[in-house]
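Let me give you the structure first, and then I'll get to my questions.
Labels for the chains are A, B and C, by order of writing; each one numbers its residues from 1.
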Amino acid sequence: MSATITMEPTSTVALPDVDKSLRAEIDASTRLPVVLFYGSAIFWLLVGTGFAMLASFKMNDPAFLDQWGWLTFGRVRPAHLNAVAYGWASSAGIGTSLWLMARLCRTPLRHAKLLVSAAVFWNIGVLLGIYGILAGDGRSIEWLEFPNYASAILFVSFGLIAVWAVVMFRFRQPGHIYVSQWYLLAAIIWFPWLYSTANLLLNFESIQGGAQGAVNWWYGHNALGLWFTPIGLATAYYLIPKVLGRPIHSYYLSILGFWTLAIFYSWNGMHHLIGGPFPAWMVTASVVASMMMFIPVITTAINHHMTVRGNFGALKWSPTLRFTVFGAMCYTLASVQGSLMAIPTLNSVTHFTHYTVGHSHLGLYAFFTMIMYGAMYYILPRVVGWEWPSARLIRWHFWLVAIGIVLMVVVLSIGGILQGLALLDPEITFMATLDYTKPWLFLRSGSGILLTAGHIVFALSFVLLLLKVGSPKVQPTLFASQGEDKPEPLSL
Amino acid sequence: MNRMSVIIAGIFITFFCSWIGLVAYPYLALGRYLPFVDEDTGDILPPPLSGLAERGQQVYASSGCIYCHSQQVRQIGYGSDLERGWGARPTVARDYMRERPAFLGTMRTGPDLSNIGARQPSVMWHHQHLYQPAVVSPGSIMPSYRYLYQTQKIEGQMAANAINLLPPSAPPEGYEVVPTYDAEALVAYLISLNRNYPLPESPEP
Amino acid sequence: MINDPNQEPLSDTFEANREGDDLNVRHMHEAILREKDDPRDGYEPIPLWLVSLFMALVFWGGAYLAFNSGGFQADVFNPSQVSWAGGGGGPKAPPDPLVVGKRLYTANCVACHQVTGQGVAGQFPPLAGSDWVVGGDWHGDNHLVNILLHGLQGPVQVMGGTYNGAMPAWKQMKDNQIAMILTYIRNEWGNEATPITAEQVAQMREENLDRREPWTQAQLQAIPAKTLNESVGSELPPSEDGELMDGNEPPDAAVVEAEGSQA
């Protein structure tokens, strides 16, 4: 049966029409936890960006601020990763998940105090962890650099969140479980399992070195694929149809996408170690799993694309939609790139180079962070009770970060490939391979400046929103006023 | 899918499979090595580290060396590590059995260090390189680790472990640069990095 | 602020209460009023080409896994190996000095003497075509072995050039390893000379057991040259006092162990 592309769904299961006032109640009940998590996230975004710029400048000029041990590159770089991964991305993801779960479970948020405690613990944990890294207690295990005293606190915090989530699901309104809820439930279950296992085996009581790499990258890749990706996809699956008022293209594709992701993604970890000291079958299994990822990725891409199709014009006005669709497209791009990078022939070029760094930013920034921006632009007005004060700030934010991240990924990819090809040729001395990368690293610092500016603009926007600056608005703040030719009022 | 039990069961089972394959199995197969004992020479391979080198491992971790340096000699056909002289044979899991953690690394902003102790066996070279990498290796973007060293006034004779430095980092007249304990430990660890001993599971190519 | 979900919804009285509402609540409700319904699912079928792609990938994946997994053994590390035809049994062939010597040279000597055996001008002397290596003029095999055992310091004259690096001692290596390295360098880069054996190295080591410092060129020249097929003479200049110097420190125990392993 060939795919018949229809604009109208062939059938829909109508959700019980939620009373608008119930929605208001839900939004009000989520206010404190969401604002706390979002506020923390934006704080850590600025901190993490600061560390990123330091690290990037130090690669351009190694003498930059090199008199202090606490600012040495080997500490600033993991401080950046942890600040943006656990500080920004996880907090933003948790804040978004709370609101989504409350809305999708169609019940006001219960036990907000649990979440407030979780937010406090989370921030303490990240703060202690970053301090520990700069002080020299970093473990030098990628994605798990936090010393034990910090990771334990994070785990406690997450335990509170997981308990809260289980209670929410328990008390949800009966009925159809929407695809976003599958992803959120999965993320809530997978992440603490990942985090506790990895920390127990690598940090608290470390197993022999030969096995560590496997556990390390089982964790590292799954933090991306089974924590951030499900939250990002859940958000996109909610916001895209919600803003457009159209159904998700295909329930069956949603099912296929979810289960193939669950089955294949978790086996990808070893593709960080191709050619490395591990049994051949483990590496090969990861290569196969990485290629199989084409299925969930293409599935999700079709689902999203066909949902938006015909309505791309809305991207001109809606910040939520523009950020979210940008992110969703970059999800496809990053995943396809990742699958290709796992092919051993290509991997022998890109492994150990800046190409990998570009890829990770394509994933965590261009996909996940952009979707989080989209979520924040949608959710914050609702929980705060005030529309975004300045359309100009939103425009600046979008263009600065969009151009910044595209530039960053492009220059790191080019530099990385040149570096990789040079590394493959034993006639080229090692020092010469470095020379290939230097101009691209300078350009990367330039892209970082754009991103930093974008983050400052966004933080400013957020603060003005919290302070409820300006006059109250009835219409949402869009990129540009819709004017005479607007098709219909956008619900944003 | 409207039944929570189905969803949760699926979430658990799919994840459990990867836990078996990428966590439990590595622990069983790669996490319980005994060292290889060479029958002819009685050597214990990989050799145990000295106490100073074990402290040096911690300094290596604390300084974040893995963010630029890898420590794995890749398999044949997966890069030109062997041709570059970075090792006599590919590294295998047992080579890292004493490492806590194993510093496999994922970036080569700097060269691979699996066998740096074989390529650069001189303690003085390592101290000089850590203190002023750009002078010892022109074009290097490695930062200086001079915070691991102390500049002190020369009292009578120069200290036995004072390091020779070239301008522009040479200390002023009457002063010498001496490594701290951590610097000595780090260099002891780097010198110990030599995995060219043969293991049965990684024959010479 | 969390209301009892069993309470009656407020919608009936909502409009009536709107007038006196707090400004914020009203505007929040504006956002909610204009909101569309919650997302719902459409039911388009899965495209056939996607199913085909899935099947094709599964087939490819299975085949790739079967052929590149080294028999799923824990000690096969190279995915291109079909399985490891292990070499545990049987007597070991004696190592080929040119092969193993080259490996040891690459691992230990290229940093200074380079892969080409050309050295570095002013610092590290070349080995290619050098009398110090193959013999000639005042140079004998015994000098060469001594250099490997104890190292070299001070300026040296090699093939018309002066070199002032410091060669560390390599006495921590086993006799057969030193022998294989020397055999290799004596037969590479156009050099041709007799091999050096482990016994000869052992003998030179024994004769200079007390030596702590690297040799200077003058000290070596004072020793009469001997090709080591003859038995080596017994009288040698007394060794210097036992002062330790840089580059000749007792090596780490770990290095000794590692260097001591045989091929």
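In the analysis below, a residue touches a chain if its C-beta (ideal position, glycine included) is under 8 Å from a C-beta of that chain, and two chains touch if they have at least 3 such contacts.
Quick caveat, the model's predicted, so the values are computed rather than measured.
Chain pairs A-B and B-C differ in how many C-beta pairs they share in contact, with the greater number at A-B.
Greatest Cα centroid separation from chain A: this falls to C. Note on chain placement: the centre of chain A and the centre of chain C lie 37 Å apart, centres being C-alpha means. Centre-to-centre separation between chain A and chain B, using Cα means, comes to 31 Å. Averaging Cα coordinates per chain places chain B and chain C 10 Å apart. Counting partner chains per residue, chain C shows two or more touched chains at residues 74-79. The set of chain A residues that touch two or more partner chains comprises 176, 277-279, 285, 344.
Residue positions 29-30, 75, 77, 90, 92-93 of chain B each touch two or more of the other chains.
Looking at the complex, you find that chain B touches chain A at residues 1-2, 4, 7-8, 10-12, 14-15, 17-19, 21-23, 25-27, 29-33, 60-68, 70, 72, 74-75, 77-80, 83-84, 90-109, 111, 133-134, 137-148. Chain C meets chain B in the complex at residues 74-80, 84, 86-88, 92, 99, 103-104, 106-108, 110-111, 115, 168, 174, 246-247, 249, 251-255, 257-263.
Those residues of chain A that touch chain B in the complex are listed here as 58-60, 62-63, 66-69, 72-75, 77-78, 136-142, 169, 175-177, 182, 185-186, 189-190, 193, 197, 201-202, 206-216, 218, 222, 226, 255, 259, 262-263, 266-267, 269-270, 272-279, 282, 285, 344, 347-348, 351-353, 356-357, 423-426, 430-431, 433-435, 437-438.
Residue ranges on chain C touching chain A, taken from their complex, read 1-3, 5, 9-11, 14, 23-25, 27-48, 50, 53-54, 57-58, 60-61, 64-65, 68-70, 72-79, 81. Of all residues in chain B, those touching chain C in their complex are 29-30, 38, 40-41, 43-50, 53, 75-77, 85, 87-88, 90, 92-93, 115, 117-124, 188, 191-192, 194-198, 200-204.
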